[in-house]
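Just below sit the structures, each encoded as structure tokens.
Here come two complexes built around subunit A, the first alongside subunit B, the second alongside subunit C.
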Partner chain A sequence: MVDDLTKKTLSNIPLLKTKAGPRDQNEWVNRLKEEYKALIAYVENNKENDNDWFRLESNKDGTRWFGKCWYIKDLRKYEFKVEFDIPITFPATAPEIALPELDGKTAKMYRGGKICLTDHFKPLWARNVPKFGIAHAMALGLGPWLAVEIPDLIDKGLVKHKDEKES
Partner chain B sequence: MADVWKEIERLQANLQRTQHSSTKQKLSERNCIEILMKLQEMNLLDVMHSSDGKEYLTPKQLTREIKDELYMHGGRVNMVELQQALNVDYSHIEAKCNDLVKSDRKLQIIYGQIIERSYLDRLAEELNDNLQSCGQLTIAEVSKTYDLPGEFLIPELMARLGSIIQGQMDKHRKDSIYTEAYVASHKARIRGLLSAVTRPTTFQTLSSQDLPLQLLFSIVEELIKEGRIRGQVVGGRSEKSTFLPNIHTETQNHWIDNFFAQNNYLEYDAVYRLGITDAKSYLKRRLEPSKTKPLFLKTVCVGWSLIDQVVASIEEALSNGEWTDISVLLPSSFSSEDSNQLLHHIQRERLKQTGSVPGVIFADTIIASQSFVDSCLKHFDGMIKGKADKDAKKASVFALTEEERKEYSGQTAVLSKKADKKDERRKKAFEGSGSIKRSGDGGSGIGGREVKTKGKDKKRTKWKKEQEMQEDKPSRNQQHQQEETSFMDIDEITDVLRDRHNDCPEAFLEELGAKLHRPLTAAYQSAVKSVFLLSAQQMKEKQKALTKKADEFDSLDRSSYKSRRQLEEEINAMWSKTRLFMEALNFFEGEVSGVLQKHLLATVCTDITNSLFMLTANEFLSGVEIDKEINAEVRIKLLSRFPNNVKPSLTRLNNSLVGRIIDEFQTALTDATSRDVCDVMLKSGDKKRDRQVSHSHKMSHLQQLREESNPALVLHIATLVIFQSVTGTMLNAPGKVVPNIINRLQSFLDREVFLNLISYQELVLKHLTLFNNDGDKVEIGEVEQKLNENLDEIKQLATTTKKKQAN
Partner chain C sequence: MDAKSLKKRIAELEAEVETLKKASNQGRSKIEKMSAEVVDSNPYSRLMALKRMGIVDNYETIRDYSVAVVGVGGVGSVTAEMLTRCGIGKLLLFDYDKVELANMNRLFFQPHQAGLSKVKAAEATLCDINPDVEFEVHNYNITTMDNFQHFMGRLKCGGKMQGQPVDLILSCVDNFEARMAINTACNELEQVWFESGVSENAVSGHIQLIKPGETACFSCAPPLVVATHTDERTLKREGVCAASLPTTMGVVAGLLVQNVLKYLLKFGDVAFYLGYNALLDFFPTMQMKPNVDCSDSACRKCQKIYQKRLAEEIPTEPEKGSKVEEPVSTENEWGIEIVAETLGDDGDKEQNLDLGKGIKVAYTLPSKDDKENDNPETVTTNTDSLEDLMATMKQL
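Presenting the complex of A and B:
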């Protein structure tokens, strides 16, 4: 299940109300607003807890999102690009977050760098439609995935710090 | 729609801004503590944390806080309170406070409290207020009210005395502070009190008002020192001590002096009643230095004039051969113990002076001169004689012996070391018997043995009766029993004395009686002895005249009373004599020897045999009446009834008596007394004892000689004595061999002595022949006269003659 810390984090993210996808013209705007608000709250919360781990922005319509996320291990910051689209069936379907740089480096990833989320994520999301939004996907999907996969990848030498890459 | 998108843009921007805003740097609490500890470890930072761990303080802050708290608490604060108020560990506070006290002279720590000087000043002011209103404050009270130790308070208060505190401290005990006014008022009161007091007053009563004892003492002492009041304090500084006004002591002393001067004695009790506890030592102090030098007895002291008075009357009484009771002379307050003490003292003093008449102390207070006691003894002379005569008629020497034996065995029960003496005495007693028998033989020559046995039994019966009587009187003790058998008991003596001196106190008479008892008993015994000795012959006749019926009467009990031991002793005593007699036989030969041997056999040896028979009869023939006068016939009768194991030996012994040879008897006796026959231990001769036996034998002869007036008997005894003197052996001889003995003595004696004896012997013979042949009466008279004239000479010879000089 989701660990306590994650749960706590989740509780700090405001839940969404509007059930609307990018195809729903007006409603989507409201939904997008809520998404932003949730994200802002989440980021603020992270900053407050010295737990800032990603940057995210969207296109104008809010259908495509991109940015970067990082993980700190052994006093080193490993940064990765992150991107995803809002699926048509959003919010019934969770967005598929992808880390293109890590494509092919780990088994827990689909083609194109989409991360394999845990078995719990999907039912959890499904239960919480439309309350969960992008912020939740980040907190419940990418966050735990990074925490599990990155140290493993670093140990295996599949991921290297950018300083090392240069050298 | 546009504004909606605008809003989204705004939100986008917002998100960007948020994301780009700097992340708050955050340290967990754990990290912070670790960092601080690290810093402290490195001595880079000096802080202390509060006890709940939420705050850190610098030492400077702590100091400030402590000072603030101190101020807040008015200059005095408990460190524990500080700890609670400042929420800092106690050890920090304590250390800090110690530092503070060191650096700041105004501060000090007492019992975990920091106290500022200003606080003490304020306290002193407060105390002063109190003091002015109450007049007195005890340190204990102050200490209790302010919860400060006295040791701390006293110096602090002392320092402020006179400045902040208007008053003075008790100089001796330093436990209270007074105002001058307070002291002055009490002083005045005490002055008044003690000036008025005329009898001893305890300080307890004085201090019953709110005046503290210690102050009271200092005030009283001061007053005494000033001479304002006259008196002294007795008993140190305690509640029990007493103020003795001089006027009281003076009166006391005055009374004591007066009383003593007037009466010449003083009871300690009277002094004690005056309130002087240790009367005796007080009196010693008081009276000793004076000229009178009194004598201190148990409960009174006596002055010399009174003593002199007593001494004078004692002297007077004693020199008159009287007695005096000093209790009459002394005041009634003298206890008998005192009187006794005084009397003994006087007695001692008198003994120091030579030429004073000796006195005897009786019944504590009575002193009697020795001559008075002697005179009392004289009262009994007649009674002793009368009683002795009476007893002697009934009693025999063996009775006496028995009695003595009883007495001595009584003594030996207590003092076993006297055993030897006892033996000696018993032996002497037997010798006495021997000598009596001899005199009997010398006189009439018959019945000696019978007398002895008969008398013995009679006496024993009498003794037994008395014994029974005494048993009826349970109060009589053993001593009494024995004494009573001798003469009179103490009560009787006292009764007699009371008749004579009816003015004497009872106690005196009783003690006098007790004192006289022993000499009287001794006198009585010797009287009995002498009476008996003198009247031996008479007695014999009388006793012979006593009917045999009486004997038979007694004999029922009698045989069993003579114990085996007694008999053995008798046998032994007689045997030792016999042995000594046998030695003398060596000086004679032929017929004379035969005669002597026969005589021995007929006398002592027969006695031995009789005793032996009696012993055997007691042992084997219970219930057999043994006729006291055992003669040959009786012996044979007894023999026939004796068991077979003793029969032959005893028969032989009996037969040897008829023979003429003493040796036969000796062997027969040894045989008969041997273990398997009669089992009588015959003691072998022991030189020392033999000497005693022979000496006493001689002495008894000499005694007899002195009392004898029959010329023939005198000659007989004298001869025997002389024989013993010159040859050193005892002789037992019948009268008829006297001439032979004298002849035998010729060679041992000075011629003169010998001739004297011869001539006297001739006179005796002549007298006898004349008398027997009914000769001329005139001639007989002449011879008798001559005999009587020479009687003393012969007696003299007997005592003085010694072995002839070697020349």
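Presenting the complex of A and C:
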């Protein structure tokens, strides 16, 4: 269910250990540190492998995350805003990653631009609580989603490169 | 147009609005006391007839109860309408979504309501159907920090009597995150609730009564699904997230409210888990005990309280429902079976859950032993400050 490339990517993201959500005041800070550590390691690794594809930051409580992700097709870069809240049930449930700019453009989305994940994602997440964090959700959720949906949206003309928009 | 003719036009339009308002307000006025009188003008006569028929002893007590419906979509809206028509005392509605034309394959909402918040649109319709019901609506997502605190507060104090807890919570949401949030709240408040759901392929559904400490909570096991023999891995998902049918949703809402009425008005037997397989017209039932190793600490606490209460009770007669174990049926004329799921990479042992025939778990989880033996390397954060990490992340 997980292909070799994804497995390799996953093995490069550090695992987390603190099982705490935003309602667990003190422990949440530790979890948040682990989240940042894992994300930094993942982004650095992506850069090294010439596969840099997103940036994220959070509010100071770490309950709301925002940033951008991008996808390269035919040497052109398509960039999208990313945002999500950390649900109170985190890390038992994964964050619901949203690309609000694409809301309404694809059926593979729930309201508000939340991406529709494959059947494999939730079992995989559930089996890896609390070891998986935001970096894993990006690698296993958003990454594969972009790879499938964006080329399709570009071909259909629903997503345009920013140079095309201006002209 | 000059100011004078504009004013005249405004007056005309105002008059028109008034007439339209009157036309749309054909609803009845409030009724002080439920009457059993059989006349055309009594909206409660057929409900109160349940007493004369010997089905319910105390129908009018339905007005004392307060029920929270979380998720006012295909199942929740119909659920709320049924409870409104039954004359429930108070309804609290929670949903953050808007009515869309894409919802019109389901019941309750109408095209002209597109764009309105689901809770506001529902309140307007329901209030018109039965003005005796008290409504309280909240248009927000319960899973975020601030909203969750408010949500818990309303469950705790939103009863029919000010400051009293809600009597029952009905989960009619369409996602795992919201169900887990309701589960967290209800375990912490020791609050009885019903979970309900319809599968994404629209051909199965279920309702489940959760009494914290006494029956399995939503975290005690992976989500349960009704086996419909449609292979999840070959399910065609091209270009869609979920399908839905007004039929399946109507059936599930009906099963849910039927059991809510039985629970509140104390008649018949209330189902603990009732599944609906639309392809075979099969309705599996079962009861599941809580998991002593449940990942929710509030559930484990409720279990201790329940066990203590059981030990203190002096049983005079065998408790209804747990008396004699019925012989296990060996008939299986529809070929219904529990499907072993081997979704895992490394083939975990099937958890030893006592599920009913035709019910399975959505996926398996690693066993406790596996988890303990499994000690992967994890990040270490002892020396880092959060501020430094946030700054590093920004500079990448």
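Throughout what follows, the second predicted complex is superposed on the first by the 167 of 167 C-alpha atoms of A that agree within 3 Å, B and C clash if a C-alpha of one lies under 4 Å from a C-alpha of the other, contacts with A are read in each partner's own complex, and residues count from 1 in each chain.
The rule we apply is simple: contacts are C-beta pairs under 8 Å (C-beta built on N, C-alpha and C of every residue); 3 or more make two chains touch, one makes a residue touch a chain.
The structure displayed is predicted, hence computed values, not measured ones.
Colleague: Label the relationship between subunit B and subunit C on subunit A in the superposed model as either fit or clash.
Modeller: Verdict on subunit A: clash between subunit B and subunit C.
Colleague: One more residue to check, A:Arg55. First (subunit B), second (subunit C), both or neither?
Modeller: A:Arg55 contacts both subunit B and subunit C.
Colleague: When the two structures are overlaid on chain A, which partner does A:Asp155 contact: first (subunit B), second (subunit C), both, or neither?
Modeller: After superposition on chain A, A:Asp155 lies in contact with neither partner.
Colleague: More residues of subunit A are touched by which partner: subunit B or subunit C?
Modeller: On the superposition, C touches more of the residues of subunit A.
Colleague: First (subunit B), second (subunit C), both or neither: which does A:Val29 touch?
Modeller: both
Colleague: After the superposition on A, what does A:Lys37 contact: first (subunit B), second (subunit C), both or neither?
Modeller: Both partners, subunit B and subunit C.
Colleague: After superposition on chain A, which segment of subunit B among 3-11, 201-209 or 651-659 overlaps with subunit C?
Modeller: Here subunit B runs into subunit C along 3-11, and the other listed stretches stay clear.
Colleague: Enumerate the residues of subunit A that count as touching subunit B in its complex and touching subunit C in the other.
Modeller: Overlap of subunit B and subunit C footprints on subunit A: residues 29, 32-33, 36-37, 39-40, 43-44, 47, 55-58, 60.
Colleague: Can you list the residues on subunit A that touch subunit C in the complex?
Modeller: Interface residues on the subunit A side: 1-2, 14-17, 22-23, 29-30, 32-34, 36-41, 43-44, 47, 55-58, 60-61, 63, 85-89, 92-93, 96, 107-111, 116, 118-120, 122-123, 126-127, 129, 131.
Colleague: Could you list, by residue number, the parts of subunit B that touch subunit A in their complex?
Modeller: Of all residues in subunit B, those touching subunit A are 1, 4-5, 7-8, 11-12, 14-16, 18-26.
Colleague: For the complex, which residues does subunit A have touching subunit B?
Modeller: 26, 29, 32-33, 36-37, 39-40, 43-44, 47-50, 52, 55-58, 60, 62
Colleague: Please give the residue numbers of subunit C that touch subunit A in the complex, ascending.
Modeller: 97-98, 100, 141, 143-145, 148, 175-177, 180-181, 184, 219, 222, 232-233, 235, 237, 239-241, 295, 343-345, 362-366, 376-379, 381, 384, 386, 389-390, 392-394, 396
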